[in-house]
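The following blocks contain the structures, represented as structure tokens.
Here chain A shows up in two complexes: once beside chain B, once beside chain C.
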Partner chain A sequence: MSTDTGALGALLLADARLPTGGHAHSATLEAALEAGLPEERIPDYIRARLATVGRTEAAAAVVALRAARDPEPGAEPDYGPVQEALAARTPSRALREASATLGRGLARLARRVDADHPAVRALPTAQAATPGLRALRPVVLGALAAVFGMTAEQTARAALYEDAQTVTAAALKLRPGDPLTAVRWLLDLSPRIEESVRAAAATDVPHDIPAHSAPLIDRWAEAHARETRRLFVA
Partner chain B sequence: MPENTASPENTVSPDATASPKSTADAAATASGGRRTLRLGVAGPVGTGKSSLIATLCRELSGELAMAVVTNDIYTDEDARFLRSAGVLPGERIRAVETGACPHTAIRDDITANLDAVEDMEEDFAPLDLVLVESGGDNLTATFSPALIDAQIFCLDVAGGGDVARKGGPGIGRADLLIVNKSDLAPYVGVDVERMVADAERARDGRPVLALSRTDEPSVKALCDWVRGVIEAHRSGAHTPQDPGPMAPHSHGPEDDGGHGHGHGHGHGH
Partner chain C sequence: MEALRERAASAPEDGAAPSEDGLDPSAPAVIAVRRHGDRSVPVALETGTFLKPGIMRRPGGALRVALAAVRAALCAGDDVRLHVDVGPGAELELVDPNGTVAYNARGGRAAWRASVRLAEGARMTWTEPAFVVSDGADVRREVEADVAEGAELLWRESLVLGRTGERGGRMLASTRVRLAGRPLFTEDLDLREPEVRGLPGVLGGDRVVGQVGLFGRDPGEGEGPDGPDLLDLAGPGAVWRWTGERPYKADAALTPVWRAWGGHT
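Our next item is the complex of A and B:
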């Protein structure tokens, strides 16, 4: 594979058409609306995610990228510490499992892109650190970012952009609305996204991943997991 | 109650699924060496896909190790129907969320279904047959060969006798076309023989089966077809085909001369 794939990789990982299972996820928006979140507050919901769970996940993706790119001298990459740190910062089991499902789709892509790349070969180290839980989405995102040669900023932005667009795309399936309005929401949030990109890109080691929690999102996600009538996984 | 209204050609043979060599990237199909046959069932809403799957489970689960993955607009309606039919142990029937895009989940992004199929094959190994039921969609929705090895497209007489003439990838090039609920034909004014003949013209000799769950010979023909595909899959004689996302030669109702419908362009798109 060509080595000059960083910029394209950043676009690929942010593209909703990437066939890795994201279309069946709503970033907990379905449950939020079900619990009574008014639809006019969807932009606030995105903003809240960017400041909390989005920032934690973006930081984890950056730390995974660094683990892949700069392993201990003479050693293979080890995603165990970042996987453990992120799992510990994701209190909702439903959200851990949703993230692992998304990670599984990304891992299938990573193996198809370059199964022999050290960053891909090391993916089993993530699950080994958290038995029963596959590699979480940000961990695999970081691994893919390493394969593509992306920067920390590109990796963080891909994670945050994808989180926000997951909400906007799901919003159009869940409530009436003009698709162009959803684009506006995203553009209006770009200062928040860049702020979170800078914070995430400055994260070096698992210990520094912020433990931003959003208890309402956790509660909604747990309730959603017990629903029988769902459009979205989570 | 009703006689078998199907035409004599209804003795379907899996050999008829052998079609031109696929140009698909070999890596895009995952059947190499796998014991389990992954069989998709697609077709418009309400044509009897769940009922067809319940029939297959009822008839074949005694001789084959089976599991079912369902897709629905609202998650688990079909899974609950199948569980309540009692045709398979409940844990062998799993529902997959499709984010309101059942079409996407079987073709453009098969991740959720592939995860479920792989999980089933691991949890209940060794399986002979995994059925994947598409959430009912329109005439253009067909399975990617990266997800399934063979597919059934399901129409019904109640949808109108002219549907088979409309063509499309599923009607034209699925491995088997079912014209379901043939017992209802007299009540909806449809001539099943004509509908089957229309479908056969659109399919270049690929098999068509008029089916009613109350018509034993037709159920037996369906089961024999499935057994034949499993055998061909195991011997390596069966190659997954992509019916294609498009109907290559669909010229609308005025072009009804019995030619030009889907002449084997189901590759290379």
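Our next item is the complex of A and C:
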């Protein structure tokens, strides 16, 4: 594979058309609306994610990228510590499972892109650290970012942008409105996205991954997992 | 590597700590319990600057200790500290009958920090009633727990933003629970900015967060209620978290969970 893939990789990982299963997810928006979130507060919901779970996941992706790029001297990359740190910051089983499902789609892509790359070969170290839980999405995102040669900023932005766009795309299916308005929401939030990008990109080790929680997102996700009639998986 | 870093970051200090973040030096209350035959006995009960541990006589093998206030807390500069150490196979029931009120700090800050260690086979139940954050308060609530393999910690608390009619001050509630040196539950519940905590998905309009945490084992099948408030952790453990408007409703929601998971009455 060519080595000059960083910029293209960043676009690919942020593209909803990437065949990794992201279209089946709403970033818990479906459950939030079910719980009574008014449509006009969807931008605030994106903001809440940017300040909490979104920031945690972006930082975890950056730490996974660093684990892939700079393993201990003479050793293969080990995603165990970042996977474990992220799992401990994700108390909701429903959210861990949704993340692992997305991670699986990304892992399939990673193997197709470059199965022999050390960053891809090391993916099983994630699950080994959390028995029963596959590599979480941010961990695999970081691995793919290493394969593509992306920077920490590109990786964090891809994670945060994708999270926000998951909400806006799901919003258009759940509460059909003007798609251009959804673009406006995103652009209005760009200073906050960039602030989260900077914070995430500055994270070096698992211990420093932010752990800001969102109790209602956890509850909504758990309620959604117990629903039988739903449009989105999570 | 992470486990080592997390451990290093939480190494307990002895005696009065130097002032940090505008906090006044203070001595921790210390409780150390060891198993002796079929009973758990105190090997240290030290009164700190703010809290005094006292034994409550109870039948059974567990030791019950209640915390009493030495002086009013939490005011600006106060740094309430509590160290608990439960030895192999020992059993401690820790109760704090009074709860905590963080008062208007008028620009100052306060902290309430507990570090708990449970050795192999140890068991501890721990109730912290309402922790009230008054208007104008700025408080850090830190709970660090190191639970060894085969040990079990059952913990309950309620965080309340504001006294009646208040919207509440600033609080950052950090919780770090490690099991056998590895992270089990890592959370910073950041309730400092009213605008952020009021966002949909964080707390919305709620002002009370009540929780029961079981660390070291999963609740058994049918042991306690099920529902969207149940957070089944990746490792052995679970948190039942209730959020809402009224503190007494938190008690009603948490008590059945607390009892079902083995909490003392």
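We take it that the second predicted complex is superposed on the first by the 234 of 234 C-alpha atoms of A that agree within 3 Å, B and C clash if a C-alpha of one lies under 4 Å from a C-alpha of the other, contacts with A are read in each partner's own complex, and residues count from 1 in each chain.
Going forward, contacts are C-beta pairs under 8 Å (C-beta built on N, C-alpha and C of every residue); 3 or more make two chains touch, one makes a residue touch a chain.
Computed from a predicted structure; not experimentally measured.
S.K.: Quick one: on chain A, after the overlay, do chain B and chain C clash, or do they fit? Just give me the call.
M.R.: Pair status: fit.
S.K.: Who does A:Arg47 touch here: chain B (first), chain C (second), both, or neither?
M.R.: After superposition on chain A, A:Arg47 lies in contact with chain C alone.
S.K.: Which partner, chain B or chain C, is in contact with more residues of chain A?
M.R.: The larger set of chain A residues in touch belongs to C.
S.K.: By the touch definition at the top of the document, which applies to A:Leu12: first (chain B), second (chain C), both, or neither?
M.R.: neither
S.K.: One more residue to check, A:Arg226. First (chain B), second (chain C), both or neither?
M.R.: The answer is second: A:Arg226 touches chain C but not chain B.
S.K.: Give one of first, second, both or neither to describe whether A:Leu186 is in contact with chain B, with chain C, with both, or with none.
M.R.: Touch partners of A:Leu186: none, neither chain B nor chain C.
S.K.: In the overlaid three-chain picture, which partner chain does A:Pro206 touch, first (chain B) or second (chain C), both, or neither?
M.R.: second
S.K.: Classify the contacts of A:Leu216 with the two partner chains as first (chain B alone), second (chain C alone), both, or neither.
M.R.: second
S.K.: A:Gly105 contacts which: chain B (first), chain C (second), both, neither?
M.R.: Once the two structures are laid over each other on A, A:Gly105 reaches chain B alone.
S.K.: After the superposition, pull out the minimum Cα separation from chain B to chain C in whole angstrom, please.
M.R.: It is 20 Å, taken between the nearest C-alpha atoms.
S.K.: Both chain B and chain C touch chain A; at which residues?
M.R.: none
S.K.: Touching residues of chain C toward chain A in the complex: what are they?
M.R.: Within the complex, chain C contacts chain A at residues 1-2, 5-6, 9, 174, 182-190, 196, 199-204, 206, 209, 227-235, 239, 241, 243.
S.K.: Which part of chain B faces chain A closely enough to touch in the complex?
M.R.: 27, 73-76, 80, 96-101, 104-105, 108-112, 114-115
S.K.: Using the touch definition from the top, list the residues of chain A that touch chain C in their complex.
M.R.: Contact set of chain A toward chain C: 28, 32, 37, 41, 44-45, 47-49, 51-52, 81, 84-85, 87-93, 96, 130, 133, 205-207, 210-220, 222-223, 226.
S.K.: Give the list of chain A residues in touch with chain B in this complex.
M.R.: Within the complex, chain A touches chain B at residues 17, 19-26, 101, 104-105, 108, 112, 170, 173, 228-233.
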